[in-house]
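Contents: one structure, followed by commentary.
Going by the order they are written in, the chains are A, B, C and D; count residues from 1 in each one.
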Amino acid sequence: MERNIIIEKASYVPVPKRGVELVERKGIGHPDSIIDGIMEEISRGLSREYIKEFGKILHHNVDKGQLCGGATEVEYGGGKFLKPIFFLLTGRATEEAEGKKIEVQHIARETARNYLKGVVRNLDVENDVEIDSRISGGSKDLVELFLRGPAVPFANDTSFGAGFAPFSDVEKIVLEIENYLNSPEYKQIHPEVGEDIKVMGLRQGDKIKVTVAIAFVSKYMSSLQEYAEKKAKVKEDIEKKVKEITPLDTEIFVNTADHEEKGSVYLTLTGTSAEMGDDGSVGRGNRVNGLITPFRSMTLEAAAGKNPVNHVGKIYSVLAHEMAFDIVREYPQVEDVSITLLSQIGKPIDQPKVASIVIVSDEYDTVKDKVHSLVDKQLENVTEITNKIVEGKAKVF
Amino acid sequence: MERNIIIEKASYVPVPKRGVELVERKGIGHPDSIIDGIMEEISRGLSREYIKEFGKILHHNVDKGQLCGGATEVEYGGGKFLKPIFFLLTGRATEEAEGKKIEVQHIARETARNYLKGVVRNLDVENDVEIDSRISGGSKDLVELFLRGPAVPFANDTSFGAGFAPFSDVEKIVLEIENYLNSPEYKQIHPEVGEDIKVMGLRQGDKIKVTVAIAFVSKYMSSLQEYAEKKAKVKEDIEKKVKEITPLDTEIFVNTADHEEKGSVYLTLTGTSAEMGDDGSVGRGNRVNGLITPFRSMTLEAAAGKNPVNHVGKIYSVLAHEMAFDIVREYPQVEDVSITLLSQIGKPIDQPKVASIVIVSDEYDTVKDKVHSLVDKQLENVTEITNKIVEGKAKVF
Amino acid sequence: MERNIIIEKASYVPVPKRGVELVERKGIGHPDSIIDGIMEEISRGLSREYIKEFGKILHHNVDKGQLCGGATEVEYGGGKFLKPIFFLLTGRATEEAEGKKIEVQHIARETARNYLKGVVRNLDVENDVEIDSRISGGSKDLVELFLRGPAVPFANDTSFGAGFAPFSDVEKIVLEIENYLNSPEYKQIHPEVGEDIKVMGLRQGDKIKVTVAIAFVSKYMSSLQEYAEKKAKVKEDIEKKVKEITPLDTEIFVNTADHEEKGSVYLTLTGTSAEMGDDGSVGRGNRVNGLITPFRSMTLEAAAGKNPVNHVGKIYSVLAHEMAFDIVREYPQVEDVSITLLSQIGKPIDQPKVASIVIVSDEYDTVKDKVHSLVDKQLENVTEITNKIVEGKAKVF
Amino acid sequence: MERNIIIEKASYVPVPKRGVELVERKGIGHPDSIIDGIMEEISRGLSREYIKEFGKILHHNVDKGQLCGGATEVEYGGGKFLKPIFFLLTGRATEEAEGKKIEVQHIARETARNYLKGVVRNLDVENDVEIDSRISGGSKDLVELFLRGPAVPFANDTSFGAGFAPFSDVEKIVLEIENYLNSPEYKQIHPEVGEDIKVMGLRQGDKIKVTVAIAFVSKYMSSLQEYAEKKAKVKEDIEKKVKEITPLDTEIFVNTADHEEKGSVYLTLTGTSAEMGDDGSVGRGNRVNGLITPFRSMTLEAAAGKNPVNHVGKIYSVLAHEMAFDIVREYPQVEDVSITLLSQIGKPIDQPKVASIVIVSDEYDTVKDKVHSLVDKQLENVTEITNKIVEGKAKVF
């Protein structure tokens, strides 16, 4: 059956050429990202277990979760944890199939704790974290569907995924600054830089302003002076980094809410604001491309935690993003591409109701058919997305 | 100080004229909407209490909450509740100011329960609902800020709000069908129609397909046959209603996942899918205009539960929406308007960093300045939004 | 099979004749009693439901539960509820049998709430109470055992029950004062008397001192003076009541921890100390005779919440108590009787491993055989205890 | 001031000479003991922290806690954890004094987890345990009282403690069997023996029957046959051990509920029945002497978790127990001694309202005064009990 792929020439001016552009990224230690990451890891952990036991990923959707911030008292050199960070894990996951039981709760807790240990280095996950898992078993019909479903699964819902490429300079800056500051290499040299890093980039005309909020870790600092020095050093590092990315005039601001003269600075025990009241919810942070881009088309779909087999909201989000980047890599004459994939519930996921591809290109007429083929081919291979997700090769936030 | 208002002529084709359009609304009884509604009501309840005690709304942001679905066994004529619906309420709210304590937990629970009773008529809120409130006290600095802050509050964050007008036919249909089916008048005649109504409208060219999912209430039905008859009747009613809204060819589908021949239909004890496993999170449902419109510019901002005083994410979302509709009402020559309001943290909220107004109009040159005045004036009066929200005159989902 | 009933002449001096005697009763509104009462009511509610659905009481033991006190701010005329009272309900109960499901959670919550409303008149159960039910399903083997077990059930465990009769004057005083102050008649006249009433009686020689702690209800009092007057009035009422019970010299103390001169008195919003921090656990309060009597033989067994079919800890406790009172009623020549019933796990409950009856009587030799018959007969009819419990005719705390 | 110490000659036959005697011990891995142990460890951990920060133990009473059993699927060689064991920790503890904050929650969780790891070797405490701590701050008045109270604290309540000595043979057997099977030495050789060991001893005349229930650990066994062999070996070990304690005819029964022919045996993943549904509550298990002795005088007082400074229920329980054993050690002519210490609220704890000492001795008249001195001296030194408890030298269950 022929796929309903519609290629159109854009009627709009691409974002990098518009007057205003706003981009945000919540780093991996931001409360919203933490809970996204936990639920996605649980999905991956469950998927691996299902494959081990049944040869197939079974039904699950653990795409709802809540982090309730704790309470700490912080001082230079250390601090105290007065109230633990609380996690509510929720969603559904197959607990039994073919007479075998799956220890869903054990996997959920183990995965969540291990993930947290990896992501927030300075959090004592054993003693300052409380987890309430309310993940419950799914319906029996769904067990069958996943065990003995068709090679190309049917869409579980009417949902859509959106993607675009390439990234503008602002988008690149925002994404790469966070990656850089949260890289193992940087942490080695600057352990005082916590994982909760929020980057916001605003372009007006050809001037960019980047605001970076960093939760510094108290135990690596002995005084306000040391804080100020380290913050200044980090700012310099960011400035150098940004020069590698864009020729545009870019100004960097770090922790603008600090009042150093009053001694009020962004100092934490653990490197995340989750320690002192900030809450987080699945799906309230970055989209699958790692960014929040209000001036681009976005879905509200929370990809994290959804099953990577038939949940089209997740699969199409990842696919649209990857497809867009494949197109501009393959066909540099495409200046900008926006993709929307709309599923039809109950139909094979390689047959979207519509795949809408909007292109900005001086060579639109010649590139059009090539893009069509590429999209068609990727839709044919849609199930590969599933493996990529399980293997951790496709990010979702 | 002059406001940074930028009026531009649109470079895009307005949505109603594009080839594909997709619109969704999650009705008031949908799990995401229920928790949105509860948190917003708590914000309003707290606001009223603060005003009563202190003459001002004090700091709070209760914009995170989670509904974990219960478990029921349903049969024609009734059913059983096997596991309660669980609510986690979270966020922060001032618990003490000027030596007076505020019974935040009591207000939260009372408001949540009363709201639920109003919104899900057939839910036994006392016995089939469990509430865990983890709303905690805010910082003392914020108490002062709210008690003795300036007449025009300072923006609490760098956030933005987006709005557009007018609604396309598909948008109108989607919104109005849900309002119609959930109106007291309709419930009087059709008590079997539950409050969890999800409407999705898809337009391709000039053909519209509307899919409506309705959780029917078991106690008003004695058999599968009665279910089928009542569903058919509701479908007819929708068809009539739609004819009043659009001349376009519109096809209506109700509960497409039903397999009547197998006896598998969308029957519930309470009228919401929250009873049997579906979870809900604040901010994952409708935007402040009541819709999810992936082809329009949207924010990820969850308005529900945020304080209506200085949380620009909420205030600018409501304001952008209302402003857009005021513009098209006042100036019918404006065919389409898109508004983005971007705040600057720490600056008065009547001074956005940028107010971007993009207009589609044949009379752009003549209407431009008028729109500018209107926007300027509304920004001047931005604090009126606060009252509207507290009085329930501005919807947020 | 003959029953192993051993009648012995006491080698001890009966408690009322000893030098020191100490007796305590925690009133129905005391945190320990509240949670005892809730779990017992849930057991009764489940029992009735099982009988309705299956004609038999099915397996359950909901004999563990925890009340975590709330927080209030109290003032004359009223007050505020700052943190709800939290209840953890736990234990096991059959959720499914013969293909029918039982809505255990619904019954548990409904019963708990209704019981609370009845017992703590001034508690807003809907808004100031949080319930977390972790009652879970029992094993499938036990379903069968209860559905198709023998007419006389087998003991579920090796447990014992203890009872004695008659009550000493101190025991009578302690029990009756609480009953009197918590009677509907007294509440009618003195609504300010809360349900949390703790009575402690100490006899040294022939002098009795009775200390009564009463949680007064703030909304029925406008001032410290009114508090003092009402407290004095209640003290007088108690003194009158006590004169009806004992000829011994008895001194009454009410709320000895009050410091009226500092304004520090026992004033509550609801009439129970559970509102402000006092916790309660099942089985930590009164024994089945309504008293705590350290100088008498007592079991640690918590009767409340246990199933009344085969849980010998509960059944033998109630039976030993009733048997003892039957003996002294029937045979007034018995001055004092102490009973211990020890079960053998897996054996019919009408065949205890040993029924030990220790008697103080001047006519021991003549009354011995009569008592033997009575005990034998009551053991034969042991299953009647089950009905008495379900019908609420046998108290358990 | 002279202490009110009353020495009396017993009017009763000592328990070892009566016809029937029943004694029970719940081993350290029994659900009731686990939660007793956790709350006691938290009290000790808090005490140490308070001493470190303030030089004094501050107010706390964390004597209520609940363990809700998990769910496992067990097979020879291993098994799965389907639902974690849940702990509710509750009570009150000073969170702030002299401007310093105490990280009560952190200490509670850390202590609880470390204790669990030590006591239940085969439990994966990180991933199969869920802790909800609802320990909350105490009143400010109490902070002052503890910081600046008198050298000999005032009794916090009217409570009593009971003790007796020496142990009968049955009591010795029951206590020592559990200690033996749970000793590190025995675990070294028999790691398959779990920590949940319940011992019940019944003496009728001079015949003793001891029933031992042991949760065996699945991973150390590969088959039913191996289970049977190991169980038989343990039984032999117990028999040998018992011969060292008593000359009386003693029969040993191990896991009498096993049906080996049906393959139904007492096999667990972790060595405690808490893994599969058995719940536990503070204060429902052993008294401070390590035993449950229904034929002896007992208090219902839960010692575990109470503060060791002014909580007379705890202090007098430990003191009465130690005093009784000191008396029989010092004066072997005392055959049996029973002690009851009754406090008077608000009075120094070295001045009980009454210390009642009942003695069985052929040399009563000569030993009487010596006992009086000993008791008087120990009361004088009552505050030493506090240190013993904090240092872990005085057991409470």
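By our rule, a residue touches a chain if its C-beta (ideal position, glycine included) is under 8 Å from a C-beta of that chain, and two chains touch if they have at least 3 such contacts.
None of the values given here were measured: they were computed from a predicted structure.
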Problem set entry | Neighbouring chains common to chain C and chain D, by label | none
Problem set entry | Between chain C and chain A, distance of the C-alpha-averaged centres to the nearest whole Å | 56
Exercise. CA centre of chain B versus CA centre of chain C: separation in Å?
Worked result: 51
Seminar exercise, completed: Taking each chain's mean CA coordinate, chain A and chain B are separated, in whole Å, by 25
Seminar exercise, completed: Expected list for chain C, residues touching two or more other chains, is 83
Exercise. Which pairs of chains touch one another in this structure?
Worked result: A-B, A-D, B-C, C-D
Exercise. Okay, in this complex, where on chain D does chain C touch?
Worked result: 6, 8, 11-13, 19-20, 22, 64-66, 68, 71, 83, 86, 88, 90-92, 134, 136, 138-139, 158, 160, 162, 200, 202, 204, 211, 256-257, 277, 279-284, 292, 294-295, 297-300, 302, 340, 342, 345-346, 353-354, 356
Problem set entry | Residues of chain D defined as touching chain A within the complex | 73, 80-84, 95, 101-106, 109-110, 113, 124, 126-128, 130-133
